[in-house]
Structure formats: structure tokens, C-alpha cells
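Down below is the structure, laid out as C-alpha cells.
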Amino acid sequence: MEWFNSHLLTGLTFLPLVWAAVGTLLPEKTVKHWAFAGSIVVFLLSLKLYTGYDPQGAEFQFLESAEWIPGLGVNYSLGMDGISMWLILLTTFLSPLVILSSYQGVEDREKSYYTLLLALQTGMTGAFVAMDTFLFYVFWEAMLIPMYFLIGIWGGKERIYAAMKFFIFTMVGSLLMLVAIFFLAYQHKLQFGNFSTALLDLYKVKLDGAGYFSTQGLLFLAFALAFAIKVPLFPLHTWLPDAHVQAPTAGSVILAGVLLKMGGYGFIRFAFPLFPQAVATYQHTFLILGSIAIVYGAWVAMVQPDMKKLVAYSSVSHMGYVVIGLFALNSIGATGSVYQMLNHGISTPALFLMVGMLYERRHTKEIKEYGGITKVMPLFAVAFMIATLSSVALPGTNGFVGEFLILLGAFKANPGLAVLATTGVIFGAVYMLWMFQRVMFGPLTNPENKKLKDLSLREACVLTPLLVAMIVMGVVPNFFFEKMETSVAKLLERTGKVEMVAQTAIRKDGK
Amino acid sequence: MDKLNVIDPSFLTLSGDQLALLGPYFWMIGAALLAMIVGVIRFLPSKWTVFAVAMVGILGGLFVSANQIGMDRADLFGGMMVADGFSAFFNVLFLGTAALSLCASLKYLDKEKLQYPEYTILLLFSTIGMMLMASALDLITIFIALEIMSLSVYVLVGFRRNDRRSNEAAMKYFILGAAASAILLYGSALLYGSTGTFVITEILARISAKGDLMTPVFHLGAWMVLAGFLFKIASVPFHMWLPDVYEGAPTPITGFMTTGVKAAAFAAFIRVFVAFGYGKDLTSAVEGRLHDVLWVLAVATMFIGNVIALTQTNLKRMLAYSTIAHTGYLLVGMIAAPHAESGFAPVAMYLAVYTVMNLGAFAVLSVLAGRGDTGLNLHDLSGLGKRHPWLAFSLAIFLFSLAGIPPTAGFASKYYLLYSAIQAKEVWLVVLAVLCSAIAVYYYLRVLVYMYMREPQADTPSAKDFTPAAAAFAVAMMVAMTLQIGILPAKMMAITKRVVAKL
Amino acid sequence: MMLKWIPLLPLIGFTINGFWYALIQCRPGAKKAGAGIPGLIATTMIFLSFLISLRVFFYLKGQPEDARLVEEHLFSWMKVGDFNLEMALRIDSLSTLFTLVITGVGTLIHLYSIGYMGHDATPGKFFAYLNLFCFAMLMLVMGSSLPILFLGWEGVGLCSYLLIGYWYQDTEKASAGKKAFIANRVGDFGFILGMFLIYTHFGTLEFGKITELLGKSEFTTLLNPTAVTATCLLLFLGCTGKSAQIPLYVWLPDAMAGPTPVSALIHAATMVTSGIYMLARLNLLFSLSHTAMTVIAVIGALTALLAATIAIAQNDIKKVLAYSTVSQLGYMFLACGVGAYGAGVFHVITHAFFKALMFLGAGSVIHGMHEEQDIMKMGGLKSKMPVTFVTFLVGWIAISGIPPFAGFFSKDEILWNTFAGPHASKFLWAIGLFTAMLTAFYMTRMFYLTFMGTPRFNEAAMGANGHGHHDDHGHDHGHSDDHGHGHGPKGVHESPALMTIPLVVLAVLSIVGGFIGIPHHSWLEHWLEPVIPGHAEGAFSVGETGELVLMIVSVLAAAGAIAYAWKTYTNLKSAEARKKKHAKLHEALENKWYVDEAYEATFIQPIYELSVKLWKGFDVGVIDRIVLGFGRVSQWTGQAARTLQTGSIQVYAIMLLFGLVMTLAYLIKGFM
Amino acid sequence: MNEINPGVEPWLVQSFCAIIFFIGLAGVMMRRNILVILMSVEIMLNAVNLSFVAFSRQHADMGGQMAVFFIIVVAAAESAVGLGLLIAMFRTLKTVDTDEIRLLKE
Amino acid sequence: MIDVSPVTFTLLAGIAIGCALMVVFKKNPVSSAFSLVLLFAAFAGIYALLGAHLLAALQILVYAGAIMVLFIFVIMLLNADEPSFDMGRSHPVLRAIVGLFCLTLLGFFVWAFKKSEVSLVMPGLFSTTAVDAAGGNSKVISQLMFSKYELPFELTSILLLAGIVGAVAIAKRNLTSPKEGVK
């Protein structure tokens, strides 16, 4: 058991890749079943993380470490805390659904497709468990390759443009982060005598942090650029709509479900504790950008004629919440952000899956092609409604918990911007419900829509876990908070901001 | 005045140990001579006999060299030549390059109807020249080695004798190469004039002992020598010949040149670079300027190489420009090396990795090239992923590696290099380098776009062509190494660190 | 206690009906089912819930005054650091009244719906929604903290959205649902910010703790008055959304697109009064801000007046009732604004009875008239639908404020408080009185046009007419299927017993409901005292005689208005002439003062256009152009640098020479 | 070194070499005829040789002269190969004008 | 100070410079070739003047003898009579640039030589007198060639081999592939 626990993360990370490698030996038509089985196995394995993680224990658990590149001070070290645990679970949870959802839509080069999906899972899991900045960077970049191919090969009409844009945007952002990582490693050598890119070592490095363009400030910007592009934060978001619209359903799901989370995760795991002063300096800059992203994303989403693009811009808006929650720099906001990442990883994939299902039936994503779909696809309509409600953050669904905490946190940090951000609540409802109405309600006039079939059993199986998760996460968020709260608190502690939680309590005591 | 005792017996006698150190050279020279003999025996199938002889020689040398990597430094011929880990490392590199280029050439030559023993023999000779470049410690020996290599390569570039492009490329290469040789040689003369010796260790010793030896003439000489090397490694603005030559040369030779010739030039460059006391704070005033010059050249090289590569549609030419860009990265490593803990190790590693991945890419292109080196435009690759899945996969791996994306060798080595630059406090240089490599990503990926994301066009060869076994072997080896070094780079780093330790 | 079962039972009903609908009923080829079984399930659930509520009420009644509070902790909802939000239910003397109204009136409306929705295609869905609504509404009034209240608050909004757009195939109805939801969201925006302000100043969101803190003068004096005012106004913004006040009332009239029982339950009796509930719940907070109170009172009064004026010119029976609801809600806010929370709550209760009665009555009329909603096409239904007529009559008198019907007491209480209460304002009282007259006027108009006079419809065409109308909804979803095929006579007819029984019950309640709040002996006020502190004796500026005078004034005003209206509409021709005389005014009234259009022009359209500009102009035009610009600049540089690569050896050599010269020149400078 | 033979300043000798070298270099860059370019390369090499010999004399060291010996060999081989290439090129391109061999560019 | 006759040196240097200029500026390659021969001869003279007797001989033998013959041979092979053969010089602008650059560089060099003069002097063992005493220039060179300079000497043999193979491979009209017979 000891051995099992200390290699579990490696197993979770690389099992999909190995599984995919074995899968290449199988006949073309059976690969999908093989891939599905693999993703289920990985998911079951990952549940061990939940049972094994003790929030009261060490900050990082399931640690494992081996020397990898001593020349660069790089170790192969993996570990996990409450934040990464949930994100890993999200990844392993989405993976079988994504594979199952592709059963019908993908017919061209199936083997490559499922191989890439599994390889992508390795990259994503790896990025979440890496405890070494360099290792993190490796996974971060390696993730791009499968995604690039998924968009570029199985994507829509403008897939090549979108794939290129996706790849280069992300790459450009992350390259400077690598320079910053090296710079930190070198600073570690100057201060402690040896090169190290290990995260826990770099936490200890002291850097000049006064002003916007101090050492910390510049390094923070290098990191923040990478993460902000990934999040994506206004105004660096323009790759997202293109990538989402062109990507195949599975690509969009993974992109929205997991890849965007990398940005938020990067902020809280890397940028915050490494550059506490710079974070405080840039706090309001990012709060402003995040608030703009919320409103801007919502407004632009409102006028999109394409369902996927609409959902994509809604991601910009939703991820704006994540950013302001994080930069509120208090535990309410940060916990809310992490939770919002999970929410967004549940509800947006559900929406993309459903758009994909419509697309598989009608081969169009134009909203105006639809209307009155409820009549022919009532069950689908129910599912779509629930996902929509989750997206508009109705209390009782997961979205509310995240947004509420984030806005509360942000309100404590900067009430003015929080007011701006809260208007997102209104516009969020506007664009989602408007789309819902145009697609689902109204008379069923388009003759092509009259013969649409309702959800098949397979599709229902894909959607049900997500819908259940939306409700469960909305009703019993504590189940999730219990395991992540201490981790968030510890990371915030490193940023050196002791938050003032109950001001009244203090005031009363003072009285 | 006494009679001069010009004959030092120690020069004339080589001990058994020292002879053993020369093993790789003997293997190669023996193979070259034997190939010349068997190549003209009429009743032998020269294609296979010459190939076999050459491979035996190369592999023999490779085996011996590989065993020498860990050894200590041994001066030979009164310090004119050295056998140390560094030379052994590069010998392995050159011999490997030669072996794989030969494998990739086999089918190509049939296709081009160029199956002559001279090709193989010249390849062997040029490899010998490279090996000597990496181990020579004396300006004259370096020059002769350089010429052995260059003369053979000039001819190899023009080996498609009936092709105008090949002829033109050879001629251009020759004229500019000869002029550059002359410049290098003049530099050597000036160095000799200011220090009285050719042996580069001796030069270093003398200028270290007597600082006022570093006169303007010395610096002129040093710079002329460096300029000669900068020409060979094709740094901006001495790079103009490279794209034309690479495009015109037979594809396997282009691969051989981008890797072997370039690595050899860098090996000698490193030796000479060290000898001038650069980075050792001997001449702070000029050194600062030298640093500035190299800094500007490195940035210009990275930038120009990448932006022009962006505009190319011919794959060979695109890779030629990318070679220039990679030279820029290597120059970054050169600038940083004296100040970084790892020294020249990142440069050596980068060269090794670059050799692997670029040779692999050209091996794939050799297979894909139609008669007369046609069919290497981007649109000719449309749908390659379906026509030749494994070749396309290999090329994709090489291109990712060239672009520096994990988990490939190109990533590990590039960032080892940049890491050393950070240690040398060249943060802005590194920032510029990564921005340039971001530009590079675009044109590497564009190839993938054609291979995987476009359907085959009407005029692209549609049939699944047969991939020759030798070339397939070469490509497979390169893929394996690219991934292996990419995933576990530590061993390679340790080796390179060891071989540069006693430069 | 079994508090949790009060909301939980409807939730269970929702689950059963929902799954039945989702898994069985909506499968292709599923057998068409009647409303009986789902209706029975849903009604049973809400009825059981009512019984429990009653039990809780009597339990509370048995307790001493200051112990009339039951709390039930369910589980911890959100716990982040020091922020701990319990999922807990709480019933005190205020919420118990609301639970009774919700479950009681709810039961009746459920019952009624079985009849009304008898031939609907998806009764499972309808009753699931209805149950879900009851659950959410109960959560709203039983929640122990603001977020739980908000959970219910948004939940009822959702159900309202779903039920308004129940006949989704009609784009207009679906849009009405969306409009309701979004208008509510605008209000919720204020609500959320209000909550945040409360949290930052009180450190808690639980009612118990907030009330406790507000009870301590050493705490309240420390509060920043601006912040308190801001909090109150933000929360009130939430109320204007939910309870349809200026400026967000516009959704409620459109909401009449939903089935009539829904209008009765949600848009008259319960949901729209949740704003009053919140004000009453936080009355201690609101009382701290005089500004906020004034705003609330003024807005309430203006809404009452505005809606009443619009109601005069509406011809759709449900629209008239809708505007009347808005107007009555304005009354309630007026009450709260002048500090008479008890009066507000009192009016909530009586209004629930008589307005639900009138809506159901209207539903019965519509049902009987085969989907005809235009009162100009009715008339003389008195004899055709006797039960409906009688019960509607009760409702009419009640709302018009004629004693001793329920509406009189509550309305009078409000007017009295406005005139003489601690925050009295004669001006607002005048508005209130005028509105009461208008109310009596338009109600009489509607009543008369519907039931009295001569029929203005062709009874023979009724069946076909109904059928034709029905086609608009599509065959499967016709909500009240053609009676011609099913049962009952063709033409106008009385509704079945399932529908009339609730009418009768509500009529009785509308008659006697007022007696819980007889002036000076008000049981209600007393009962509410633990939550809403009563006014000290002598708070009123006018004595009992004055009160009596005012009462008479308002009764006379109402009676006068009734008489005037009766007289006007007995002679329809003269009414028409009068209408022509004030054509412009009438047109403005008919078009609801063009408020919708104004919103469209000032908010919706500009934002829409701006969004398009942002997308096309900024996203694609600026950001992408910059990004692609980098690529393009690289390309250009490449192209430019390429041109040097002429292919000429000389040029190459010169570049070599150039490099030498430049570098050497720079190096040589090092010696100088 | 005596009264009658004042000798030559070494820097003058070296400057002479430099002059010859740059004339050669200029020849490489100015002439379009490849044959003449090859000749100019030879001039450059000769200039270097002379420089070596002069330094050799100055340092009283034989190394310079040895270098010249080897350089002469290299020059011979180089011109052989160069002329060979020229012939091969002339065979296909029918010209030795550098301005006309510009198939490969950009 | 190099103790050679300045008159002789100046004379020979003048001839050399003149010839070099002729090579570069004469339009006809044949004239260039003949100027080059004269240049080689002048250089041989300077070598002799500087005491490098063996090199002087080699200069005549290899350069004037072998290399120049090769050049002339090629000129004839290429039918130098054709008018196209006189293609002259490159574009005037290019020429001006080249001239400017070369003069600049020359300036740098002359300046450097002048400036570095003092420290150039460094005594070695092989003064003219010592060499003469050891048996003359040729003998010393031969002895050194097989001792200290054995490595480059051996390498030149490889170089020559490579050059031969290369020149043959590239210039021969028909290459022979033994298996396929004469092409």
C-alpha cells in the first residue's frame, strides 16, 4: 500500500499514455472501447486520491520524487494538495465522458484520435501534480501537442487557423514563464547554493518586490502572461472563441473543462506564493481586467450567432470570475475561485457536449437554424435547461456557490469593481436564456429539425453524471470545501496576506 | 651559435597508447583508402562493397570513439592535436552523422542515378576532416582539417553534376568558402605574428603570462579567425551562402552539412574561443566589445533566420533558414558559456541534439524527395499523414524537437542552453531568444498542417511509396534518440558536462 | 420538529413528477396521460405540507410570545474559513403566516389546476414545476439566512420563468418568461450586493444574528448610515424585481402568458409578495434608514398609481388583474415604506385570498369562454357561470375596499398608517386614496364588462374559435383541450367542480380574512410583534375619530368610483365616445405609458449594439489585429530580409565584408 | 643590420601583405568571371603566405615557413577542386559569369 | 627592423602590387593570368629576400608551374575566345562599396600594424644565421617537417587525396560505376 500510494500520481499521469500506446496495436474499430475502458480505470484509480488525502495532514501529499535533470536542478517530483486533487478528479471524471461522447462523431482516423485524447490526459494530469516548476512547464507545453492535432485534424472549417492560433498564443505566453523559472532557479543558487526548480525550494527565494517593474514584478508578469492567456483573461482571450468553435466536441470539452483551469491553477499554485509582493502590487490591475472580462465576455456572448462561440465567450466571462476571486486575495474569494474552476469544468463541458450532440444531428451550430427543439427533444431540453441554469449560477446549482463566494471575496477586496463584476449576474442570464429560448423554444418551423431524435442512451449516459454533479455541487459544496480549504489557506498564507475575515467580530472585540 | 637541435625525438615516436588514441582516425582513413580500392574493382557490386567498407570503418571508429568519451586529455604531436573527451564526443557525433547520412543516401543515390563510389569516399574524407577539426589544437592543423572537410563537401554539394542548381550551389559555396578560408588564415597569420605560435593552448598561455601581447594585431587576428568560423557556422551576416547551398545540395548532403559540418565548425570554434581567453577577464576593454558584437550577431542570427524561414515554401530552404536560427541559439550558448557553471556543455549538447533531429528530418526528406530533389515544397506534403503515417510521424517529432517543444530532445537542449545564459546574466538575450523561437513555432507547425490537416492534392504522389530499409532504420534511430534525450536528458547533460570540463 | 418536511414534501412531489415526465412521458410514442395522477401526487404533497404548517402554527401559538421560534438545522452549506453558512430552516410568527398562505392557497390552486390543466399534454411537467415552485417559495420564507432566502428567491424566479414559458412554442410566451427572469436578475444584482454589504458590516448573513445585532443600540449607532441606506436600497432593488415595482415591474403583466393557475399562485398570491416578506423580515434594518424608507414609500405609491392607470385601459382580463396586482403590491410597499410592516403583511394575506380568487375566477371564465381573454368580447356571463360569478363578485368587492370584506381592512390599515403613522405623508395618502378609487373603477369596469350586460360573443362559434386558438399551441400541448370532443356542452359553460370548489373556499376567505386585522384589536399585529415591533401608543398623529373619518372617506371614494364605473359601462356607447375624446391618453394607457419601448430604446438596444461593436470592432478589429499584426510584421520582415538574398555571389560576399568592417570598426574602437 | 642596409620596418612589410590581401579580396567581390575570382583567391592566399614568412623572419621561428609550405599544398588542392567545379558548372550552365548563376535565391 | 634591402623589397613589392591590381582590373582573364604569374614570381623574390629559399623555389614550382598551368588550361578548355567570356566587373555601386570597405579594412590593418610594432619583436631560435649554421633553410624545414610538423604533413596527404578524388569526381566527363559499366 505504501508503495502504491507513493507511485499513484505517476500511475495516474502516465497510465493513459501507456494505455494509448497499447491501444495502437489494436484494430482501428475497437480502439474507442479500449480508450473508454482505460479512462474508467484511471477514474477509479483517481478516487483513491480522494480517500487518501487528509486535509489536516501535510500540505502536499502522495509525494514522490526522483532525480531527473540534475544539471538544471530539476527533479521529477509529484505531489498533490486539496486544490490539485479536485482538478485531477475533474480531469479523470471528464475523460470517460469525452471519450464516450466521441463514439459517433469521430470516424476519421479513430486510432490517432483516441491516442491523442489519452495523451492529452497525461499532459493535463501531469501539470496538476507537478511539484517542480520545470516539470510543470514540460507538461504544460506537452499538452499543447495533442490539443493542436485534435483541433487541427478533427476540427471545423477554420480549424487550421484556430489550431495555429491556439498553439502560438499559448506558446508565446509560456516561453517567458520558462525564462522566469530559470531566473528563479538561478536566484535559488545565489541564495542557497544550488540550482533548484523545485516549487517548495523556490517558495523560499527572496526577491526585490517594490514597485511594478521590480524583479518580482517582472517575473510575476512573465508567469501571469502565461496564465492569463490560458485562463483566458481579457484582452488575451481571442484565441479561445476560435479554438472552441473549430475544435471537435471533445476538444472543446477538454479545453473548457480542464485546459482553462491550468491558468487559474497556475496563478494560485505558482504566481501567488512565488511573488507575494508583486501580486499585491498588481492586485487591482487584475481585478479590473477580470471584471472587464466578466462583462465583456457576457456582452459579446450575447450577440454571437454561433452556439459554440457563445459558450466560448461565456467561458471568458466565467473565467473572469475566477480571476477576480483569486486576486481578491482572501480565502473566501480564492476558495470560490477554485470551486468556480470546478463548476466551469462541469457546466461548460456539458453545454459543449450538448451543442455537439445537436451538431451531430444537424451539422450546424448556428442558433438561427434551430428553434422549438424542445418539442422533438424534450429530454435533451431538460438537460440543456439544467446546464443553462448552472451556467447562470442559479442557487442550488454549482455555479451559484462559486460566484457567490467569489463576488463576496471580491467585494471585500474592492467593492467598486465587485459591483461591476456583479452585473455579470444579469448579463449571464441574458445571453444564456436568450440562446436557450432561440434554440429550444418557439415554433418548430425548420423542417429539418422535425425529425431530430431525442437523446440516445449513450448520450444520456454522457450527460447524466455532469447534470448530477451540477446539483450535488450546488447543494453540498462543503463536501468539496472540506478537502480544499486548508490548501487554499496555506497558499494564501504564503502570499503573506492575512485576511480580515470578520471585521465586525474584531470591532466588537475592540469595543 | 650552436647547431640547432631541430629534431625532438618525442615528436617522432608515438607510444602504443597514443596510437590507440588515434584509433578512430585510423579506422576512417583505412576505410577511405580501402573504399577507393574496392570502388574501382570492376567485378564487385561497388554500391554494396563501398557501403559496407565505409560502414565498417565508421562503426569501428564509432565504437572506439565511444569508449574514449570518458578518458582524460592526452596531447599528441607536441600539442598540435589532442585526444580528450571533447574530441571523442564530437567524433561520435560525426561518425554517427556519417553513418546515418550514408544510410539515408543509399536509396536516394539510386533514385538520382548517382551511385558512385566517389560519393561515399568523399563523405568519409570529409568526416575525417571534421574529426580532425574537433581534435586539432593548432591553427594550421585546424586549417588543414577544415580544408579536408570543405573540399570534400564542395564536391559533394555539386555531386548532382547534371543539375544546374547543384552546380551553382557548389560554386557559390566554393568561392565564398575559399574567401572565408583565406580570411581565417590571415587571422591565423596575425595571431602567429603577435604571439609567435600556432598552438592555441600555447597562445592562451602566452597571453595569460604577458598581457601586452594582446595588441591590436592580436585582436584583429582573433576576430578574423572568429569571422572565418562565423562564416562556417553561418552566423548573420556571414550566412548568405547557406540557404542557396543547402537548397542546391543533394538532400542527404544537406542533412550532413547542417549537422556534421556545422558541428565541426562549432567544435573548432569552441577550441579557438577558449584559446583567446574570452571570458577569462584578460582584456576587459576589448572583451566587452567582443561580447557586444557576439550579442548583436546572435540576436540578428536568431531573428533573421526565423523571419525568413517564415516566408519559405520549400522545405529544404526553410530548414536551411531554421539552421541559421539555430546557429543563433548556439551563439547565445557561446556567449554564456564562459560565465556559466555548465561551460560549453549546453552548446555541445545542443549540437548533438540538433544533429540528431535535423539529420532525422533530412533523412525523411531524402526519402520523400522526388527525382532531381523535387517534391519538397510544402504543398507536396499535403496529406502525408495518411500516405506515410510513420514518416509523417517521425517528421512531426523532429519538427517539434526543432521547435523546442517538450518532451523532445530539442526542448531539453534548448533550455539547457538558455539556462546557462541566465546564469551568465544574459536575461534579455534569453528573452529575445525565446521570442524568436516563438516565431519559429509557426513555420514548423505549418509543415504539420500540411502533413496532417490537409488532404492530398491531385498532383501529389498518392501511392504509398516504399520506404527503404536503411533510411527507415536511420529515421527510427533518430526518433528514438530524439525522444530518449528529450525525456531523460540528464545522461546527455552529464556526458557533455564531462567532456567540456577540461577544455 | 418536522420543519424540513414542509419544503421537502413538494420537492419530493417535484422529483416524482419530474422523473415521471422526463423518463416516461416525454419519450416518443408515450401514451397521453391525464392530469389526474400527477395532479393528485402534487396536491397531496402540498396539502400534507399545509397540514404540517398548520401544526407548526399551532405549536407556535402554544408557546409564550418571545419563544415563538422554531429552528431546524439541516446541514452546513458553505463553510470557507470563518464564513459559515448553515442550511437551516426557521419559522417564527412572520414566516408561519406565509407558509400557511403558500401551502393553503397553494393546495387550492393545485386542486384547481387538476381541472384546469385536465387536457394538457404534459401535466407531469406542469405539476412538477408547481411543486418545485412551492418548494422554492417555502425555502424563501423559511430560510434562516439571506443566502437561503436568496436560494428560494431565485428558485421561485426560475419556476416563474418555466411556468410563464410553459407553452414554449409561442415565442411571445417564451420571451415573457425570459423577460421575467432577466428583470428579476436585475433585482437580484441589488440583492446580492446588499447581502455583501450586510456581510461586511454585520459579519453574518443569518437573520437571527442580524436581528440580535440590530437590537443592540451600541451596535447600530456604530453603523455607517450611508452604508445602511445603500444596503437597504440595494435590497429594495431586489424587491422591485421580484415584487414588480418601478422600475422593474414590466415583467409582471407579460407574465400572464402562463397558465392562469400559475398567475394566481405565483404572480398574485405568493411569489410577488416575497419582497414584502424580505422587508418585513429585515424591518429593523430598514427602519434605520429614513432615506430608504422614503424611497420605498414613494416608489410603492407611484407604482400603485401607475399600474392602476394602466389597468383602466386594458381589455385582457388577465392583464387587468396583473396591473391590479402591481398596484396592490405598490400598496404593500407603501405600507412598509411608512413603517407599517404589519399592515403590509396583512395586505399580503388578504390580497392572496382575493387576488387568487379573482385570477382563478378569470381562469374559470377563460376556460368557459374557450380561451377568450378579451373582456370586450364577454358580457352577461352572470347566468352562464353562476358559481364563478358569485365568487368573482366577492373578490371584486373585496379589492374595491368595501367593508367588511377582507380588502377593506388591509387597505384601510395602509391608508391610515400613511396618513397618520410615524412616517406619515399626506401626499402619499392622497395618492393612495386616488389609487383606491381607480382600483374600484377598473375592477368594476372589468366585472361589469365580463358578467353583466349582454353577451358580446357568438356562442355558436365558440367551440370552433377555441379550437382555432388551440391550434396555435400545437395539438399536443393544448392546455385546455376542446371540450366539444371531451365532455360538457359546446359553448360557454360553468367550470367543473374541481375548479369551483377552490373558488368557493377562497371567496369565503376573502370575506372573513379581514377580521384578523380589525383596527385596534388586530390579532395579526399582536401576533407579529416578536418580529415586527408594534408602534408605541401615541405614535399616530390623529386620534380614533380621525381614523373613523378617514375610513368613511375611503369607503365613500371606493363606492363613488364603483358607481361611476357602473354607470359608465352600463352604456357602452358613451364609454366608447369618452374613450375617443381622450384618444391620446387612452392610447398611452393602452400602451402602458410606453415603458417597455423606453427600456428597449435606452438599455436593451444600446447594449446590444455596443456588444456587436465590441465583438466585431474590438475583439476582431483590435485585439486580433494586433496579434495577427505581430505575425504579419514578422512576415514582412522576412520578406524584406529575403530580398537581400539575391542569389548573387557578389552580394553575399559584400555582406561578409560588411560584417567584417562593422565588427572590426566596433572592436577597434575599444583601443582608442 | 648595418649602415648600408637600413632594413625594412616590419609594419611596412605587413602593410604590404595587407594591401595585396585586400586587393585579392576586392577581386573576389568585384569580378564576375569566376576564373578571375579564383585567381583573386590565390592572391589572398599568397598575401597570407608572405605575412607568415615575414613574421617567421621577425620571430626567428620556422613555424611561419612551415605554415606556408602547407598552405601552398592546400592552395593547390583547392584550385584543383575549384577549377573542377568550374568545369562542371560550365558544362551545365554554359557560363562562368556570377551574375548569370542565380537560380538559387531568396 | 628586418635587415633586408629596402630597395629590392620596394621594387618587388611595387611589382607585386601592380600585378595584383592588373589581375583584378584587367578585363581579359588571360591577361589576369599572366599578371598573376608575374605576381607569383615577385613573391618568390621576396621570399628569397626574407631567407625562405625553399619556399621561393616552391612558389615558382607550385604556383607558377602547376597552379597557373591549370588555370591557363582551364581557360583554354572553356574556349576563352568567346566574347561572352569577358564579362568584366560587377555593378559600379557594388564596386564602390567593395572598394570603400576594403580601404577601410586596410586602414584598420595598417593602423594596427603600426600601433603594435613594438611588441611584435620576440626572439626565437631560428634566426637566419642559426638556420644557415644548421645546414640551410631547406634542411631545417625538412627536418621539422618530419618531426614537429609531422601531423599537418600527414594531413596534407589526406587533403591531397580528397582533392584528387573530388576533382576527378566533379570534373571528369563520365563517371564510371563499375557495376553498371561506362556511362
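A, B, C, D and E are the chain letters, set down in written order, and residue numbers restart from 1 in every chain.
In this section, a contact is a pair of C-beta atoms (placed from the backbone, for glycine too) under 8 Å apart; a residue touches a chain by one contact, two chains touch by 3 or more.
From a predicted model like this one, the values you see are computed outputs, not experimental measurements.
Going by the contact rule set out at the top, which chains touch both chain A and chain B?
Shared contacts of chain A and chain B: C.
Please state, in steps, how far chain C lies from chain A along the shortest route of touching chains.
Minimal hop count between chain A and chain C: 1.
Would you mind checking which chain's mean C-alpha position lies nearest the centre of all protein C-alpha atoms?
Chain nearest the centroid of all protein C-alpha atoms: A.
Between D-E and B-E, which chain pair is linked by more C-beta pairs in contact?
D-E
From the centre of chain A, which chain's CA centre is farthest?
Greatest centre separation from chain A goes to chain E.
So which chain is the furthest away from chain B, centre to centre on CA atoms?
The most distant chain relative to chain B turns out to be C.
Take the average of all CA coordinates in chain B, do the same for chain D, and state the distance between these two points in whole angstrom.
Spacing between the chain centres: roughly 27 Å.
So, what's the distance in Å between the C-alpha centres of chain E and chain C?
103
Just curious, how far off is chain C from chain B if you go by their C-alpha centres, in Å?
Between these chains, centre-to-centre, one finds 79 Å.
I'd like the Å distance between the centres of chain C and chain D, where a centre is the mean of that chain's Cα atoms.
Comparing mean C-alpha positions, chain D is 98 Å from chain C.
Enumerate the residues of chain A that touch no fewer than two other chains.
168
Can you pull out the residues of chain B that are in contact with at least two other chains?
Residue numbers touching two or more other chains: 6, 140, 144, 147, 151, 154-155, 158, 161, 170-172, 175, 179, 183, 193, 196, 216, 219-220, 243-244, 442.
Can you pull out the residues of chain C that are in contact with at least two other chains?
631, 642, 645, 647, 649-651, 653-654, 657-658, 660, 664, 668, 671
So which chains actually touch one another? I want all the pairs, not just one.
Every pair of chains meeting the touch criterion: A-B, A-C, B-C, B-D, B-E, C-D, C-E, D-E.
Which bits of chain B are touching chain C when the two form their complex?
Contacts found on chain B: 171-172, 175-176, 179-180, 183, 216, 219-220, 223-224, 227, 230-231, 236-238, 240-241, 243-244, 285-286, 288-290, 292-293, 297, 303-304, 306-311, 439, 442.
Report the residues of chain D in contact with chain E in the complex, numbered from low to high.
1-2, 5-11, 13-16, 18-20, 22-27, 29-33, 35-36, 38-40, 42-43, 46, 49-50, 53-62, 65-66, 68-70, 72-81, 83-88, 90, 95-99
Please output the residues of chain C touching chain E within their complex, sorted ascending.
650-651, 654, 657-658, 660-661, 664-665, 668, 671
Quick check: in the complex, which residue numbers of chain A touch chain B?
67-72, 109, 137-139, 141-142, 144-145, 148-149, 152-153, 159-160, 163-164, 167-168, 171-172, 175-176, 178-179, 182-183, 185-186, 189
Mind pulling up the chain E residues that touch chain B in the complex?
108-109, 111-113, 115-116, 119-120, 122, 124-127, 129-131, 133-134, 140, 143-144, 146-148, 150-152, 155-156, 158-159, 161-163, 165-170, 175-180
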